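Two complexes follow with chain A in common, the first pairing it with chain B and the second with chain C.
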Partner chain A sequence: MSDVKKFMYINRKAPYGTIYAWEALEVVLIGAAFEQDVSLAFMDDGVFQLVKGQDTTELGIKNFSPTYSALGDYDVNKIYVEKESLEARGLTLDDLMPLKYEDEDDDWAEKDSIRVVTAAEMAEILEQQDVVLSF
Partner chain B sequence: MPIEVEGKTIETDEEGYLANLNDWTPAVAEAMAKEDGTELTDAHWEVINFLREYYDEYQIAPAVRVLTKAIGKKLGKEKGNSKYLYELFPYGPGKQACKYAGLPKPTGCV
Partner chain C sequence: MSTLHTVNKSPFDRPSLQTCLRLAGKGNAVLLFEDGVYGAMQGTAVADTVKEALGNVSIYVLGPDLKARGVGEDKLIDGIKVVDYKGFVDLTVENDKVNAWL
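This part shows the complex of A and B:
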């Protein structure tokens, strides 16, 4: 692949109530077929998308949170979560789903996809991207 | 276009995918395959059952690349390749096998 670009999908909204979170996830899964270098960022209320134990029964909406665990199968394994956004909502890494991927270059060892980064680190990561899509 | 299975009428969309995923039974898969002129063998069922388990866990139908890789891991290398899967499902393993499995068309399926 000669023209691999760095794609970053930014998720800023709570998972339900608007269609943004699900739409972003679908775009990521579709885009993964094109074998680009894909990263995801979760900040502001977007961090709620990754919280474990989601139950949408009362909302009458499909709980799509299990789908984030499939991202590893799609070779999407750089998932950055902003530390300040977690803290402001009383959340820690332990409150999030343990998203994993298998590292092809390391004998399929299972590794964590989520990396908690500070706002300053996030700014640097964003700086390195070719394409940034915000949801 | 609705299909008739064991005396029941089951709704499908214009491409033949189930309108309501809960309507699925193995007989539905058999009926869909028959319409396409396909006889379902154990090899077909392995893939169909795998897709149903995948959907149950992740709530999506996997892209064909993901399906191929995962089948290879679960059922053996000789099955985790496009040639094997296309021989079973000549209309495309993603589209055809997902249809028989009662799942929606795979996300990102082109």
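This part shows the complex of A and C:
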């Protein structure tokens, strides 16, 4: 399967204030259907997309945050969150939604999709990609 | 002349909040809404700037925008008041003019 490429979607915008976060999620879900090696990176205000407990009832707009939990079912299970961005926003891993996937190579054991990485580690991950799409 | 300053952009994305707080007159009101609500959170890189500004201005944050973003009221800097849409309207009526920092 030499035609499988490593796709990275970079998310740097907060949800709701602009349409970028939702658009990125739509593109990721569409892209997932093409059986490529997909990773997501969340940095800067993009980390706010993963904050748990979002409730848009009073805004009258769609709360798309539950969709992130479905990514595991589309084999999108490499979700990198930059540590420095979390820290600048007073956030920790506990503030984020617990995104999971079932590992088919490990008897379908449930595992965490989110990996908190340093900027240096993120740089290395970006370096390994064939295609980078930024939102 | 009392002024209501509104900020709807994240303080980590651009310096609208920082500039607003630097230039707001004593006793003015500042309302954070949309992505601006992130400026009301404790423990962030801008929290000290916001805390310091509370000695000069009153700071309000729009509740529905907090809820949408999963930011609980327990995560807010002490002294910042949560308002609903009616409270937003009241603030615009109580002040002589509105300065919207985009």
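Basically, the second predicted complex is superposed on the first by the 133 of 135 C-alpha atoms of A that agree within 3 Å, B and C clash if a C-alpha of one lies under 4 Å from a C-alpha of the other, contacts with A are read in each partner's own complex, and residues count from 1 in each chain.
We take it that contacts are C-beta pairs under 8 Å (C-beta built on N, C-alpha and C of every residue); 3 or more make two chains touch, one makes a residue touch a chain.
Small disclaimer: the values here were computed from a predicted structure and weren't measured.
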First, second, both or neither for A:A33, with chain B first and chain C second: first
Which of chain B and chain C A:N63 touches, first, second, both or neither: both
Chain A: partner with more touched residues, chain B or chain C: C
Which superposed partner A:A88 touches (first chain B, second chain C, both, neither): second
Those residues of chain A which chain B touches in one complex and chain C touches in the other: 63
Contact set on chain A toward chain B in their complex: 26, 29-33, 62-64, 66-67, 69-70, 73-74
Complex contacts: residues of chain C adjacent to chain A: 8-10, 12-13, 34-35, 38, 41-45, 47, 63-65, 67-72, 75
Residue ranges of chain A touching chain C (in the complex, touch as defined): 13-18, 44-45, 48, 51-59, 61, 63, 65, 88-90
Residues on chain B engaged by chain A in the complex (per definition of touch): 57-60, 62-63, 65-66, 69-70, 107-108, 110
